[in-house]
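Presented sequentially are two complexes of subunit A, the first with subunit B as partner and the second with subunit C.
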Partner chain A sequence: MTPFHIVVCGSLVPDPLQTLEPTLGPEGPGLKNEMMLPSVLDPWAGHALYEAASLATKHPESRVWLVSLGPKARLQQLMMSIAQKAKFELVAIDSSASGFIDAQSVARTLATAIDEIDGLDKNRLLLFGGCASASRDAGVTVQMVGELLGLTDQFLAVDELEARDDGSLRVLERIEGGKYLASTVRGAPAVVAWATGKLPEPPNNPQVGMQNMRTILPALQKAKAAIPNRNSIHYQEVAIPQQKRETRVVKDMSVDEIAREIADWIRG
Partner chain B sequence: METILVLLHIDESGNLPRIAFEALGAACELRHGGNANFAIGIIGGDIESAAGKIGGCGATSFFGVSHPALEVSRYGTDLAALGALVEKVAPTLIVAPSTSRFARVLPGLAVRIGGQIDTHITSIDPGAEGDAVFAERWYYRQRMKAKFTRDARPWILVVDGGAFEPWKGETGSVALQMVSPWAEGGPGDNVTRTQVSGIETGESGTQTIRPDADLLFVAGAGWAKKQADGQTHVPKAEKLILGFLEGAKASLGSSKSLVDQSSEGQAVLTCLSHLNQVGQTGTTPRHQKGLATCCHGEEPHVVGWRFVQERRAVNLDANCGWARGKADVVYVADAFEVVEKLNDLLGV
Partner chain C sequence: METVEHATDTRPSLTTLPGDDIRQILWGFADRFDIQMLVQSVRPVARGQVARLVADGGRHTHDWTDAKNDLLASFDAAGVTALFADPEYGGFIEGPKNLALALAAFELAWVDGGAATCSLAGHLALAPIHEKGTEEQKRTYMSRAIPGQSEEVARGAFCLTEPLPFVGVDTRVLSGRVRIEGWDEGEEPMLRVEKRGRFITNMGFANFVTAAVESDDERLKGTCMVILEESDPGTFDRGSATHKLVHQLSSTTDPIFNLVVPASRIIGGYTLKDGVIVPNYNHSQIIEAVFRRTRVTVGLMTAAKMLSAVEPVIRYQRSRFRGGAADAPGSPRYDLGLQQKEDTLHRLVDVWAAGEAAAALGFATAKFFDEFDPIDHRRDDIFGEGGIPHGRAGLKVLAQKRGPALEYLRLRALGPGKRDEARLAELEKDDLTQFLVQDALALVLCPAVKLWNTGHGTNVMREAVSLMGGYGITEDCPGFLPQKWMDAQLEATYEGPEAVQRRQLSLTMTNELFLAQFQEWILELRRIAGTMPGTGACTLASAMELWQWTLQYLLTHTDADGATLYRDQRQGVTFPMADALCWLLASRYQILSIRELQTAATNGAVANAEGFLNFFADLAHVQAGNAAGEVSRICTSLVYGYNRHPSWDLQGSCCHHTEDLDTLESIMPGIAACAPSVGDVVDADGSHAPKAGPCVRFTGVEGFVARRNKVDGCLTGSRLAKDRAAQALTTVMIPEALDYPM
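Entry: the complex of A and B
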């Protein structure tokens, strides 16, 4: 079996249970108290990481790198919560993780960082990431990184990847109407932007955490700072539209009446 | 003056998907009454008849890349074809529909043509002629909306489904000018390492996702929880839900908690998979109406309802999230009883 060199692009996003409030300053939009908001690993990138770790265990001598672009101090916090989940080597880039920064600027920084990874064999490269982030949610970054690295086999919103004995990879991508497009690529290199995948979140494994910490701390120390390009997009307005509804709470209708009212509403 | 190029592809049946007409509608908004240069570019296998369907859209020219290699959706060949169209037209603005095929390839196209790209566009403000074009989209998974512009060109605007009025107009034969991205022998080995084997239905067996349905029916974790009698009733829940979907011709959505149960090995509704999940880490479907059942209405779930216009919920808990300004009506009742009765009324 061929070992893979899997590079997962993934960073932090605000915890989805937090209330977010936009601000518009001279530097462009941001979030109120952005640096204080609790954050989590971007969910779809998380699935990509777990799939990468699982694939690597099935293909001995494979390596997994997690390339993360975000404010260094917050990346360090994030590592506390994910280091025990999957084995990886961290490549950290100290920059803003704001969803308002142009994806292409982020993609260029990521591509450069990946190019510079010591020991990365591009012929074995599987570029992983989430199919969209929970911040910018544009669904474009991983493909751009792939294109910048010259990878012409790309898959988006993947739920299943099967690495076959002959080196080929069979991939299922989500398409319209709850269906999948099935394709087979002859082998690495390829770009795989994951949707949910098939694996549950792995339980914490302290041993994995200890191993990871050996590379995480130095990686954070030598994280290069990248200045995002904030000039390509000009924001005129960012707002949370007023969305609160006047909810009618129906407590004392019989089941028959409720069903009739809903049926009329459906038909109406 | 802008030069607008609308990029389209045909689907497996050889037709333009509905969202193609919406992208065309969006592009027409940019034309300032017809002053801009306006071209159409279509890729696919046999594209002549699809081009004819939009013959009356007022485009100044129609270009196409037709090749058996484009009968399937594949990054390498799609990128080569779209790149050739862009090179031919040299547009400043490119408008395209957010299909799964284009969502995969257009970011790479932006890199290759040295352009900019924005996706999930829900509204375009063309401004007065000569003014900046503004676009709108959501950030942080449908939690806030921004209006923005870009100076650099070419600028690719990928429009979301259901956000623009579809173009309607005369069909008519068009002088389709074919463009070839490849030399005589067709696409090379470097772009055909991927072989597409076809479309498969989701693992849930029954096709429950119907993007065109008026109604979205969302099942929450309550359906698989212990009920008043201290027992779970998963098979009954499944029967009621499938019956309702059939009777109401609804599409089936789910909360994360319910679909996650399958990976956690609990008794599950076999009609559901992660593809049904609505919310922060699921989909944001567009339907006129939505009925949430046994679902608490927590924020990470409800952000997926952004484009569901009328919302009702059935929940045993009068204080569930839906009651806090997220639904129009919350019926405090047992969903098993309500859906059973509803199915009678719907003739299931």
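Entry: the complex of A and C
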């Protein structure tokens, strides 16, 4: 079986249980008290990481890197949990993880970091990430990283990836109407932006974590600082939606009826 | 001269609840990634499976159900079961594990104390083997008890307590018996063990038991602990479930054992002397080594309860009036709810401050035991190498080191430049001297954590429950607060109830080696107060001086009838002094934890460092004020309370007589008019002011009066700190919902 070099792009987002209140400060928009709020691994990136770890297990000698862009101290806290869930090597970039940073600026930083990974064989490269981010939701970052790295085989909103014995990959992408688009690519390199995938979140296992930390701690220590480009995008205002819709639990309502009700609500 | 700015009311304060990064610094494991990962591993089990089980009514039955049993597999997967073991036996944490065990129990108890006890009891069963077992016993039972090391994980139970009137509070009296069943020439002797247990945790599923028994056979000496297995020939009756009102997620029964086991199951092995089996360790030596560690963990379980109450109470307070037609979003009543009322805020500040103090005391002690463990084991090695038995001979050897130990503490207190560094270094290298110094502390800290955290913690949990209004006495109360209140009462009872801890403290806190360290702490607190004036460190130092003076007074004085004040059986004196000491210790460690946070903040390792520092300093100041008040009350009642009040009949020299004053009036005009304002006056006909007797004079206790007055004055600012902390509670961001179900 072909060993893969899987690079997962993913970082932290504020814990969704917290009160997330956007504010406009002198350095641009952000979330109130963002640096003090507990954070979690971006759920979309999490799916990508767990799929990567699973794929690597099935393909001996594969390697998995997690490329994370975020404040170093907070990445370190995040690793105390994530490092227990899957085996990977960390590439840390000390920078802002704010969802208000332009996706293009983030993509350039990530692509540069990936380019510099020692021992990475780009012919075996599978670039994984979330099809969106819980903090930005631009849905374009991984695509841009792929473009910058010259990867043109790109699959978006993927729920399943099958690596076949002949080296080819069969990919199921989400498309309209709850259907999948099934594609086959002859093999790596490729970009796979994951939706939810099919795997549950692995439980924490401190023994796995202890093994991972041998490489993660040095990676954190030598994390390079990157200054995000805040000038490439200008926000006039940031606010939570003023209009709130009460959630109702209704059974047996058709999709058309639901869509009509939402459209009516948007129209006001 | 350097000056330090005092707090003002406009300084930054708490903006969010403290996260893991802050806790790791406060509780001393910011540099321990293995332990940080353990916390992250245990937390999802606690706030996931355990919380769902509680929410689904898992506590409604005393029986060991399948759902409860599933917790064991979750503990295994999260590394909780393996936590106790060294890496050579399949564990993943190197070195002593007191802090790690404490944090795992803390995380579980954040949601449910029974779940924490369930995990703790497995470790408790292994602790005698870990502490004093032979290498063979360690290899066998550690391997079997650690997931992944054998096909099926062997679960253990620790069996000490027996049905009344036997072992319980007084662990010296055992009814469990052991005698020699058979002893063939050249073969291992076989023992018959008979023991009835009471309130034994994990018995619903335990595969092996470590049991305390006493010899009933002249060929076997004294007491010991033995390992019993469910497959041993004889009776291994698990008994019926105890009808506990608390900790229902742990299995507790009253088992009966009548088993035949090989003598190799005596924990720590045995020596043959003149045809008599002499266990290498008696049961007291083993349980002392075990309990001095595990009791700290229990104390931290209650600390978790107190701190876990903060967020649900804030959320309840703020949302108390939401939903009413008259209260629109944006109005103070809508946004703040009950937090508009000062009393609710002040009471929550007290709950939070006590929780911080309990956690700081507990974690500092757990960490201390991690440092003490190697020294403790080194003592065993030295005794072993020198052929010195434990017991009186060992005490004799240690007694010779008391002088050097005191000398070491005196030199240490002098500071660099004022002491003989060579001699200090020499004493630092002397293992037995260091053992004595540390042991003096261990013997105080362990019972203090257990006593104060659980005893006072239970009272604090009652307060937390009361802050939830009617919600607080329902099963639906967010954060399971009423369940935690009840659970805390058990934590105050098991592994040695409050009276046992007070008794131990009453003996160990008068040790001159401890008191010398206590004296050092007073000076240390004054120094801290110099750089961190808002923490209440000075208040606490003054209260410590008052306690110290009172102790010396009680040790050297008698009551009105001439009876010695401070003696073992006079618990009316000794126990309150033990309580007072615990308040001081908890407050001290809380202040020390803030110093750690300040150091980290100086290094730039903390976001919103100033806000967190200010808030935690205010909480510490509040707690120091509470501690000082409690200590003042106790000390005052003990110093004055055992003197007989002066009476009008036996007025002695404490009154002025009218005729004397009249005589003096010619020499000192005005004295007759002034006298009543400075003392009691008795008229010629014997009449006097309507009160119990002449007021008490303070002759002989001037030192106490001065120190008491100082403590009173040192409370200056403590209420302002409380106001600031209360204000912070109205603005701190909390999550939208609790991170575990209800």
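Everything below uses one rule, namely that the second predicted complex is superposed on the first by the 242 of 268 C-alpha atoms of A that agree within 3 Å, B and C clash if a C-alpha of one lies under 4 Å from a C-alpha of the other, contacts with A are read in each partner's own complex, and residues count from 1 in each chain.
In this section, a contact is a pair of C-beta atoms (placed from the backbone, for glycine too) under 8 Å apart; a residue touches a chain by one contact, two chains touch by 3 or more.
These numbers were taken from a predicted model, which means no experiment stands behind them.
*Asks:* Examine A:Met210 and indicate which partner it touches, taking first as subunit B and second as subunit C; both and neither are also allowed.
*Replies:* second
*Asks:* Who does A:Leu37 touch here: subunit B (first), subunit C (second), both, or neither?
*Replies:* second
*Asks:* In the overlaid three-chain picture, which partner chain does A:Asp137 touch, first (subunit B) or second (subunit C), both, or neither?
*Replies:* first
*Asks:* Tell me the contact category for A:Leu17 with respect to subunit B and subunit C: first, second, both or neither.
*Replies:* A:Leu17: touches subunit B and subunit C.
*Asks:* Could you say whether A:Met1 touches subunit B, subunit C, both of them, or neither, answering first, second, both or neither?
*Replies:* Touch partners of A:Met1: none, neither subunit B nor subunit C.
*Asks:* So, A:Ala73: does it touch subunit B (first), subunit C (second), both, or neither?
*Replies:* A:Ala73: touches subunit C, not subunit B.
*Asks:* Using the superposition described at the top, determine whether subunit B or subunit C touches more residues of subunit A.
*Replies:* Comparing touch counts on subunit A for subunit B and subunit C gives B.
*Asks:* Which partner chains sit in contact with A:Ala83 here, subunit B, subunit C, both or neither? Use first/second/both/neither.
*Replies:* In the superposed model, A:Ala83 contacts subunit C only, not subunit B.
*Asks:* Just which bits of subunit A does subunit B share with subunit C as contact spots?
*Replies:* The answer is residues 17, 19 of subunit A.
*Asks:* Name, in rising order, each residue of subunit B that touches subunit A in their complex.
*Replies:* 17, 73-76, 79, 99-101, 103-108, 110-112, 116-120, 132, 134, 138-152, 190-191, 193-202, 204, 207-211, 215, 248, 260, 263-264, 274-277, 280-281, 289, 291, 298-300, 303, 310-312, 314, 318, 322-334, 337-338, 341-342, 344-346
*Asks:* For subunit A, which residues are in contact with subunit B within the complex?
*Replies:* Its residues touching subunit B are 13-14, 16-17, 19-20, 22, 29, 31, 43-44, 99-100, 102-104, 107, 134-141, 143-144, 146-148, 152-157, 159, 172-187, 191, 195-196, 198-200, 232-241, 243-251, 253, 255-256, 258-263, 265-266.
*Asks:* Which part of subunit A faces subunit C closely enough to touch in the complex?
*Replies:* Touch list, subunit A to subunit C: 15, 17-19, 32-33, 35-38, 73-74, 77, 80-81, 83-84, 203-207, 209-210, 213, 217.
*Asks:* Quick check: in the complex, which residue numbers of subunit C touch subunit A?
*Replies:* Where subunit C meets subunit A, its residues are 15-16, 19-21, 33-34, 36-41, 44, 77-79, 82, 92, 605, 607-608, 733-737, 739.
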